[in-house]
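Look at the two complexes coming up: chain A is in both, with chain B in one and chain C in the other.
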Partner chain A sequence: MDNRKPAKNKLLRRESRTAYLLLIPAIIGLVFITYIPLCAVLGLSLFKWEGVGPMTWNGLNNYVRLFTRDPYFIDSIKVTVLYALLSVAGCMVWSLSIALLLNRKIPARGFFRAVFYLPYVLPAMAVYIGWNWLYEANYGLFNYLLSRIGVTKIMFLGSTQAVIPSLAVIAVWLSGNLIVIFLAGLQNVPRVYHEAAEIDGANSWQRFWHVTMPSMSPIIFYNLLMSLITNMQVVTPALALTNGGPGNASCFMSYLMYIYAFRNSKFSYACAIAFVFFLLIAIFTVILFLTSKSWIFYEGGDER
Partner chain B sequence: MKMKKLIALLLTILMALSLIACAKTDAPVTEDPAAGTEPQEPVTEPASGTAEKVEITYSFWGTPDEGASVQTVADKFNASQDRINVTVLAIPNEEYTTKLNTMAIAGELPDCGIMNENGVLDFAAKGLLADVSDMYAGSDSKPMDCITFKSNGTPVAYSAANEILFMYYNKAMFDAANLEYPSASEPMSWAEFITVAKALTLDANGLTPNDEGFDKNNIVQYGCVVDNWTWQLEVWALSNGGSWFTEDGSACTINDPAVAESIQMVADLYLVENVMPYYAGLGDEGIQRSIVAGNVAMATGGAWNVGTCLATARDENGLNYGVARLPYMKQEVTICTGGPQVVFSQSEHQAEAMEFIKWYMQEENSWDSLIATGIWMPILEKYYTDEELTHKWVDNPNFPSYDEYKAAVVDYAMECAKSTCWYYIPHTNEFITLLRSVLGPVWDGTVTAQEALDDNFNALNDVFLGN
Partner chain C sequence: MKKNTLKSQKRQEKTANTLSFIAVIVLAAFVLLPIWWIFRSSLMNNAELFAWPPSFFPKRWLFSNYTKTLALFPFWKYFKNTMIIIVPSVIGGTVTATMAGYAFARLRFKGKKLLFSLCVGSMLLPTMVTLIPLYIMWSKGLHLVDTFWPLILPYFCGGGAFNIFLIRQFIRSIPRELDEAATIDGAGHIRILTSIIVPAIKPAMIVVALLLFIGIWNDLLQQIIYINSSENFTIAIGLSQFKGSLKSDWSAIMCATCLSFLPGIIFYLIGQRYFVEGIVLTGMKN
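And now, the complex of A and B:
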């Protein structure tokens, strides 16, 4: 016994050394690509710097200006959060419904699965240009159909009220990846629970609500989190379709950051936006994690 | 275990190597490695065959195809002497300013290139442009004053082209409505313009806004488009007797009632008169989506459209278009603009770059690709005043008829063109972006132009002052 212990320890040490060695590449990546830039962003945001020329200490002035005088920033937070909420809610409901349908034994199931996944793999630019034609204010397909049934035209992308819902619809249409993850989750819901519930006389709605949903809750949480972060970081529609307009109605935070940094060369100011943006996403993520305990059901117990 | 360690070690090394590789900046692929080792002082005389050629890069906006055609022009220069070799760098137009900004910070600007007008004075203020004061010393080919960028009165860059705004119209639509073509020399007043536009606006039943039962939700042909792409709105402020800035550039007067009224009059073409399609002012809708698309009778746009889209539309789709002066609100005016060719101060070969730019800006060198095609208007006054040279320029198959273009464009440029604000006002890039955002709710009628401009005057003025 006594003479075996050091051998085991040695083995353990060697194993953990290997483990650390193998972790090095990932840690280097994380440190250099994530943590150092994050600190640099915070540092830079305290200066006044336009890319070329001197860098002068500016204290918290960038942040003060953001919240008091910036003509875009407050609107930008509002539209980003609104867009994220609308598209996350839309994506979740849509993807889960489609996944439930695709999980049934319907004819040509593989074909339909491919059809609903397809939007996700299309090039983003092509997707947005296509939707631009559908949404076009004067001659677009949707407005043509509306005019045929005698309804007033809708400025889908051209009016301050309609632009965010219109863009959220595109996000929902693009959410094929969530459908696939939901499908995988649905196929893992144990059949025995369904059978037991059926024997107890539960109808299909009750089975969905009391068996499928709890079993799916970890997957729903994962999708919710991923989808929230992705949609908060939205930038493509503003770049591809709306230039942040009309007014500030689609001036998403990522887009605003891009405009300040690369078009107006106000790098330190853009860094301040980036940092506020980081905090905002962190807050939403923390809220999600805190509430998650009360509604997620882990089959293996929730001691983690 | 040994194997695992080995793999881990390899991965680590690979990671480290890739990081180092990332940190290295990409040098222009075309650059000759030997060029870096050369002496840095400007080579002014050929060093008797022993010195290697100076490599310089020229950047411009365009597709790779256009890049190839500009490279052909540069190759002519390369062949004409044996000291300098020019390589063309084509950057997509939408990303051009962004790309130059980024390159400037990395200290990797090309030696010379064309620039977007709205960034010129900011680049000059940051000391990124080489001194142009002796660019045209002792030469008779100095570009016109109205297209010279000035910082506190000192020239900092010269435009490579002189582009003005005027009006294009579809002749077939005028014929169908039994209307006379707009005069090339006598512009319409705003009221006349609206009257004509109304007669040319048709719903699906062929009714105009003047008829009983006109269905404004079912318009198939619009009378006009006055492009509300933000910078072009400046011309209407001038036309209405106002101005975005005071003439000496000392103050911002964007919420002046005459300016607000001019913007409202443009917005009302859609909101009140029903003669213009709805544009949210978020892109240069311009001539492509109106005259070329074939659903609009009259549209305002820049001179470049003759070459960039209308010549093709006429030759391939039989579009019969004409040109006329802009309608006017109170006074007849248009604005002129054009991207300048500049030498960047970060260049180690400024003298050579300047030599190329001067060569390139001579009209005969950009003639075939840019001027004869109708994309650029010449920058030398003699082409506008000397009838023989005007003929050389305009009398070619890419243009509308000579008399029409001469009266509506050539003479118009001489008689009525004023410099666009970015020739003498700094921070116009940021200013125009903000103005676009401010005017967004004006186009759909949520607020009036005066309200929008008054509410946001402080923010706009902040940008103007550089705060």
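And now, the complex of A and C:
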């Protein structure tokens, strides 16, 4: 930056040229497959267009119709949020508990870690088809296990009340990657903290709440945010397993958008769904960030 | 007195560890049981599948089911198509993410802050939101529907913000003295990237590759949207069609399911060490 040193200036120029060169693919990606499409979603949603023919200006009519006359949309929001809350809560509790167990001195830790991670590497389509058979009402594994303990059959995928919790169980089963992240976080909690707390006479429950949880809070926040975004986008179970049914009990927002756009060619109308979905995610993210200040503990206080 | 409490504490901890071990075994069984059940179903005939009470082990292990299924379910064709998508995407994504990650980690240039925050911001943007405009671009604009291009090319554009971020964080943890020494020796930035940074961040690159692999592997929606003809079916679409056409021949469906599990399991076993290390990295570096 110093004008008196042209040589250094030249070096800097060369440096930034290299940087732009290296960033070309990423910039193309950001422009053409992220931010232009994001604007296009909003733009398209203000028109009426069914894939062919001219677009006609439609103002906010798509949105008005979504919220007042669409028979599926409001329910799809409820179903999506319910599914996301259930599976995020389930995944967090399940993976944090397993990480805590695996963090103790137990034999064959590496083996168990691999076992819990395994479902995550299986292709989603195959997982859902496999679980379709496990959830089969008359001969499936789960109803067999339930019958052994004297519980009557559950129509896991066939009843409107059971389908969302049943799908959330699959999401929990698939959450092995969270376990591994949590486990890494737990191993990073400085031992001295635990030792200090122990000397002060804290029992293991107190140590968990006052030492482990605060040190883990940034990782918990990260996992919470990421799994919320992932689970809100849920579409594969509907595509692979339920077709949105029974009735519309598993008609998720993404699935509804897919049906409108790619089965009925109502592209602009589907864009309105996509944009509402975007706003919903944004609201959830902002809420999470706002509340995070009160419960995330950063080492070194206000340094970050 | 003090010693006694210490001893009892030790004993308490031992009991707690034993209990944890038992809990872990039970939970691991819950994770493995579905996989076993699917596998055991693939080796049974349908009469055995629909028997009550069901048994945990097949009477005879009918590996012939797999030959029968492979006659109806062109697994190898689907596998080939899936690999045609996955291999270039993974390479493209890893290379371009490394390039961008290096620029963000080490180089000074105008607009770096802005670009980086745009990049991080896009991490929070669900792919579902941009799906329709992208489809319109690929179909009406570029006429590339029912080819593999819409599924491959996007990965050559940085490989996703998350992966760029991951690589950047990893490069930042490498001491700068290494590249400064090379600068004195007259190496340019590209040389530093290829001969110093890349060897040092190999684990992170392998992780990015594996994450991309899993992401594409699971991306059923985009495959359904962009692929129409059965010649181009991937494993995921093929499997869903296969199930749709058979309805209740569960033993064949479970064979096809197990076949589809296989590549994932094999890649996982090969890359397991990196996988776990890498996921650890993704969790730590933020």
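The rule is simple: the second predicted complex is superposed on the first by the 267 of 304 C-alpha atoms of A that agree within 3 Å, B and C clash if a C-alpha of one lies under 4 Å from a C-alpha of the other, contacts with A are read in each partner's own complex, and residues count from 1 in each chain.
What we mean here is this: contacts are C-beta pairs under 8 Å (C-beta built on N, C-alpha and C of every residue); 3 or more make two chains touch, one makes a residue touch a chain.
Note that the structure is a prediction, hence the values are computed from the model and not measured.
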Check: After lining up the shared chain so the two structures overlap, which partner does A:Thr285 touch, if you call chain B first and chain C second: first, second, both or neither?
Finding: second
Next item on the list: Could you tell me if A:Phe262 is touching chain B, chain C, both of them or neither one (first, second, both, neither)?
Entry: both
Next item on the list: Report for A:Tyr139: first if it touches chain B alone, second if chain C alone, otherwise both or neither.
Entry: both
Margin query: Once chain A of both complexes is superposed, is A:Cys251 in touch with chain B (first), chain C (second), both, or neither?
Written below: first
Notebook entry, point to check: After lining up the shared chain so the two structures overlap, which partner does A:Ile28 touch, if you call chain B first and chain C second: first, second, both or neither?
Noted result: both
Next item on the list: Applying the touch criterion given at the start, work out whether A:Leu101 contacts chain B, chain C, both or neither, answering first, second, both or neither.
Entry: second
Item checked: Residue contacts with chain A in the superposition, chain B compared against chain C -> C
Note to self: Quick check for you: in the superposed arrangement, does A:Val93 touch first (chain B), second (chain C), both or neither?
What the structure shows: neither
Margin query: If we overlay the two complexes on their shared chain A, which of chain B and chain C does A:Lys153 touch? Say first, second, both or neither.
Written below: first
Item checked: Contacts of A:Val121 with chain B and chain C, given as first, second, both or neither -> second
Checklist line | On chain A, the residue positions that both chain B and chain C contact, one per complex | finding: 14, 18, 22, 25, 28-29, 32, 138-139, 147, 262, 267
Note to self: Help me check something: in the complex, which residues belonging to chain B touch chain A?
What the structure shows: 1, 4-5, 8-9, 11-12, 14-16, 19, 97-98, 101-102, 104-105, 122, 126-128, 217-219, 222, 277-283, 295, 429-430, 433-434, 436-438, 440-441, 443-444, 446, 456, 458-459, 462
Next item on the list: Would you tell me which residues of chain A are touching chain C in their complex?
Entry: 12, 14-16, 18-20, 22-23, 25-30, 32-38, 40-41, 44, 98, 101-102, 104-107, 112-126, 129-134, 136, 138-139, 141, 144, 147, 173, 176-177, 180-185, 188, 204, 218-219, 222-223, 225, 229, 232-233, 235-236, 239-240, 254, 257-258, 261-262, 267, 270-271, 274-275, 277-278, 281, 285
Notebook entry, point to check: Taking the complex as given, what residues does chain A use to touch chain B?
Noted result: 14, 18, 21-22, 24-25, 28-29, 32, 50-53, 69, 71-72, 137-139, 147, 150-153, 155, 157-160, 242-249, 251, 259, 262-265, 267
Margin query: Which stretch or stretches of chain C touch chain A in the complex?
Written below: 16-17, 20-21, 23-24, 27-28, 31-35, 37-38, 41, 49-54, 96-97, 99-100, 102-103, 107-110, 112, 115, 118-119, 122, 124-137, 154, 156-158, 164, 188-190, 193, 214, 217-218, 220-221, 224-225, 235-237, 239-240, 243, 250, 253-254, 256-257, 260-261, 264-265, 267-268, 272, 275-276, 279-280, 282-284, 286
